[in-house]
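Since the structure comes first, as structure tokens, the remarks are kept for the end.
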Amino acid sequence: MKFERYGIGIAKGLTVTIRHLFRHPTVSQYPEQRLNISRRFRGNELVWNKEKCTGCGTCAKTCPQGAIEIVTSTDMTENKYVVDKYQVDTGYCINCGLCIESCPYEALYFSHAFECARYRRSELVQSKDDMLETPERKVSGYFYPDKANKLPEQTLLVEKVTEKR
Amino acid sequence: MAVRTEPFVLNMGPVHPSTHGVFRMRVTLDGEVVVDIEPIFGYLHRGIEKLAEQRTYTGIIPLTDRLDYISSMSNNFAYCLAVEKLAGIKVPERAEYIRVIIAELQRVAALLIAVGAFLNDCGAFFTPFLYMFRERERIVDLFEMVSGQRLTYNYMRVGGVSQDLPDEFMPALRKFMNMMPRFMAEYDRLLVQNEILIARAKGVGILTGEQAINCSASGPVLRASGVKWDIRKADPYSIYDRFDFAIPTQTTGDCYDRYRQRVEETRQSLHIIRQAMEQIPSGPVRAELPQLIRPPAGEAYAHIEAPKGELGFYLVSDNSIAPYRCHIRPPSLINLTALRDMVRGWKIADLIIIFGSIDITVGEIDR
Amino acid sequence: MTVSLSGKEVALKIEGEFPGSLVESSQENLVVKSDHLLDAARFLKETDGLDFDYLNFVTAVDYYDHFEVSYMLSSLEHNHCLTVKTRCYDRENPVLPSVVGLWQGADFQEREIYDLFGITFEGHPNLKRIFLWAGFEGHPLRKDFI
Amino acid sequence: MATIELNIYNLVNFQSIPPDWPGGFWWHWLFFTVVIIGFVLTMVMGVIYIERRGMARMQSRLGPNRTGPFGLLQPVADAIKVLLKENIVPDAADKLIHWLAPVVAFAPALMIFAVVPFGNGVLLADLNVGILYVVAISSVSTVGIFMAGWGSSNKYSLLGAMRNVAAVVSYEIPLVLAIVGVVLISGSLSLNQMVVAQDVPFILLQPLGFLLFFAAGCAEINRSPFDLMEADSEIVAGFHTEYSGMKFAMFYLVEYAEAVAISAIIATLFLGGWRGPILPPWLWFVVKVIIVFFAMVWTRTTLPRIRIDQLMAFAWKFLFPMSLFNLFITALQVLAGWPTELVWAMIIVNFAVMAILVLVWSKLFFKLGRGRIEV
């Protein structure tokens, strides 16, 4: 490059920045403008299926943080375990998803909700009944592709045309 | 004819805008000139090596995410390779390709941050940094699609990857691959020829090849000094021997070379991804393994070419479900060995950019 | 592909130069007596045909009755590697020679081992705790720490 | 001392256009003092908004857009936030100097506007040594900055202050030499007379002088790429590291008031000040100030920062000889009577001279001012 040291580099850089002035910005305005999150979203909440859970406790054993607490008792009449206590401290949860992968009976899912901030630490502890699937707490498709296909498609920045080049 | 004044000690960090995390440098200054420097670590020490001794082999993978948190996928990759080497596990073909694509995307993302942060240290007021983050965002979107998270991906598993790629991944990746070269060209126009950058970074903080080897430097820092050593070529792991790519090297080993080296490596990574996209077969993505892996007693060391250098895991097994010892070879920490020799005699402003050009992540240094 | 040199073959060479310096050798690695570590390391670094100029990592493992310190060496020129080990039987005050003079890359890693295992490296220029603070009691990566 | 007395004497007695206000000079004085303070504060808010929004858009962001329509009230919100913050004084600080520094730094930035014309004769004091007054006053704020750096007893502050003093002392010279070319052409030191003399904007007659003044001016007021006195990535925030609350607000104000002041001087000296068709003069002036300021924002967004030794080398080895050349050539042209008779020839010749000098000197510049010191 012959003109390398004569201020050409500075001039080129200036053209790049001024061109960005007339492009659409990349950012989005969060509370008004909501983008779809990933279909396999690993959020901070778990969804538990009461019917499918057999109380085997594999999730609690797999959890690297020890955030899942499960207490079962034996139901002699029907010859199965009854889950007395199923409690997840999402304050300790690191959203690794190993519990969901390890569940042999497909009874545990991530929720697709992402606005899970709480004011008190005690509110972070979820137990049996607030872990069920509701219309507000949809099931995320993490590890369950058939559930993922029902969720809205993720918004990608690749799709958003921000500039004419 | 420099005027000698009384040296004084300046504590840069642990909270300083350009120490890339909680890192402290005890700098002895003579006016503006750095006389001596002592890096002080440990502010982010979480004892990951000790924690790993208490966890199952699968349970360590989330921990590795938190080592070098801007290239989590590479860490997962290195760890899984080490366990597979230890237990002799064969990975399905498709999983190997997915791993390579993901790892190279991660390299692009991490190198973009490294370059952006370096230029930010040079004083380009956040512009290159934000442009880089915009491009990284596109990659992180793809990672979110496959793994569901944006920073701690926890995607790779021993014996494969956790899930197959979703159907919409490949079209999105193709779009990204079409976009990236144009961005790289525009980015080159922004600052590569910039006279101020050249004046600041050329000839500053020279690390010679011999010194780099002696200091066990690795990755872009080593190659910018002119040493052609890339573990992907020298000791091909996974399926890197199937791809055709070059190892770019620079000559002098100054800050500008390290910056150029990272940009060139990004191009090679894109080249690898393009080949892998064409060759990827279909099939299973995870080997059939028991819930708890019990590798035979022994030891294994697997290393990969992470964005920052040679990232290795040295595992010692005693045939239980948790490793007896898990040592991590952190590229960031070992690359810092040469810092003192590189900065002595330069000014504070140079100290910042030399430090920035080494590209460290404190999560990996302190572990 | 990096060739992993056979510990036995290298052991023969070292044994020829420094008789009685080895504890054992196997296909993967060789174990050097701790008082001969520096000689063996210098031999490995400077002998033609071996040229181990790159130190991949240094680490220690606690086996309750002894510490085992592993040095993984590579040669960028010949593209081969070798794991050299040494053992340290003293738990109260383990001492090893430092290899910083040969490979500067061992600097922080030896400090790390000093910090987390309590092994003193003689000849290290700046042997201080690296991650933990100066007054910390105990060495966390020892198996008897908790 | 003689100079200062002369200035005070001039301020009181000399007016080229006598005020026709009821009450005479003192009403004029009061009115313009209020106008200038209002103008500077409003302009500072305006330029902060322009800088933040403009920079954000260049960086592919949106910038502040929540407070008020289009985020226009963001500077107000910032000001309120900063004023309500706790005033922290470091324990080891030199309290009096620490307290006095923002005031000393702020006053000169306002005082510059005393001689800047907003219209024909619309100015506080039409000094016949106006530009000399500007040069003299603008370097006073360095004292304030050095007081801040010293008084905080913080090493980062001290480094920043030292850098600032070194830079200002060096850059004063090319700055003045660049002005002298304009003075030669216009034949007056009064800013109002300079604007009146600009039938052709002096940026065309003095392109090199404009570049030199712009660069030196940027260095004088710590704008990027010469912002190494408050280089955030190196020395945290430079001289105002230890300032918070109201006093920090003062420094923030100084930074932008000085930027507005330099933009105003550039607009006056090189862009024809208040002159322009259709629009009222004051509006033309404001528009030109904003254009110059935008150029500063633009360079700040794009360029990396230079190092202290390169900063000095740039002043002494690049700007200083170039400004001497510029002065010499302009003097020859003025002697030959070109500014009145051969204006177009002068424009062409001066642009050619600028191109040649910049090319030649930039090649030389890169051989200088770098290196490692053996320790």
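Think of it as A, B, C and D in the order they're written, each chain with its own count starting at 1.
Methods note: a contact is a pair of C-beta atoms (placed from the backbone, for glycine too) under 8 Å apart; a residue touches a chain by one contact, two chains touch by 3 or more.
The model shown is predicted, which means the values in this text are computed figures rather than measured ones.
> Among the chains here, which has the CA centroid at the largest distance from chain C's centroid?
Farthest chain from chain C, going by C-alpha centroids: D.
> Return the chain pair with more inter-chain C-beta contacts, choosing between A-D and B-D.
It is B-D, judged by the count of C-beta pairs in contact.
> I'd like to verify one number: the distance from the centre of chain C to the centre of chain D, where each centre is the average of its C-alpha atoms, in whole angstrom.
A distance of 62 Å separates the two centres.
> On a C-alpha centroid basis, what's the spacing between chain B and chain D, in Å?
Computed from C-alpha means, the inter-chain centre distance equals 43 Å.
> Distance from the CA centroid of chain A to that of chain D, rounded to the nearest Å?
51
> For chain C, write out the residues touching at least two other chains, lowest number first.
There are none in chain C.
> Which chain D residues sit where two or more other chains touch them?
In chain D, the residues touching two or more other chains are 58-61, 301-303, 362, 366.
> Scan chain A for residues touching two or more other chains and write them down.
Answer for chain A, listing residues that touch two or more other chains: 5, 7, 10, 13, 16-17, 26.
> Okay, what are all the chain pairs that touch?
Once each pair is checked, the touching ones are A-B, A-D, B-C, B-D.
> Residue numbers of chain B touching chain C in their complex, please.
Listed in rising order, the residues of chain B that touch chain C are 38, 41-42, 45, 47, 49-50, 211, 213-217, 227, 229, 234-236, 241, 301, 303, 310, 312, 314, 316, 324-325, 327, 329, 333-334, 336-338, 366-367.
> Write out the stretch or stretches of chain D touching chain A in their complex.
Residues of chain D touching chain A: 54, 56-62, 298-299, 301-303, 358-359, 362-363, 366.
> For the complex, which residues does chain D have touching chain B?
Residues 55, 58-61, 155-156, 159, 163, 224-225, 227-228, 231-236, 300-310, 362, 366, 369-370, 372-375 of chain D touch chain B in their complex.
> Touching chain D in the complex: which residues of chain A?
Interface residues on chain A, with respect to chain D: 5-7, 10, 13-14, 16-18, 20-21, 23, 25-27, 29, 162.
> Residue numbers of chain B touching chain D in their complex, please.
Its residues touching chain D are 2, 8, 10, 16-18, 30, 32-36, 119-127, 130-131, 134, 190-191, 194-200, 203-204, 344-350, 352.
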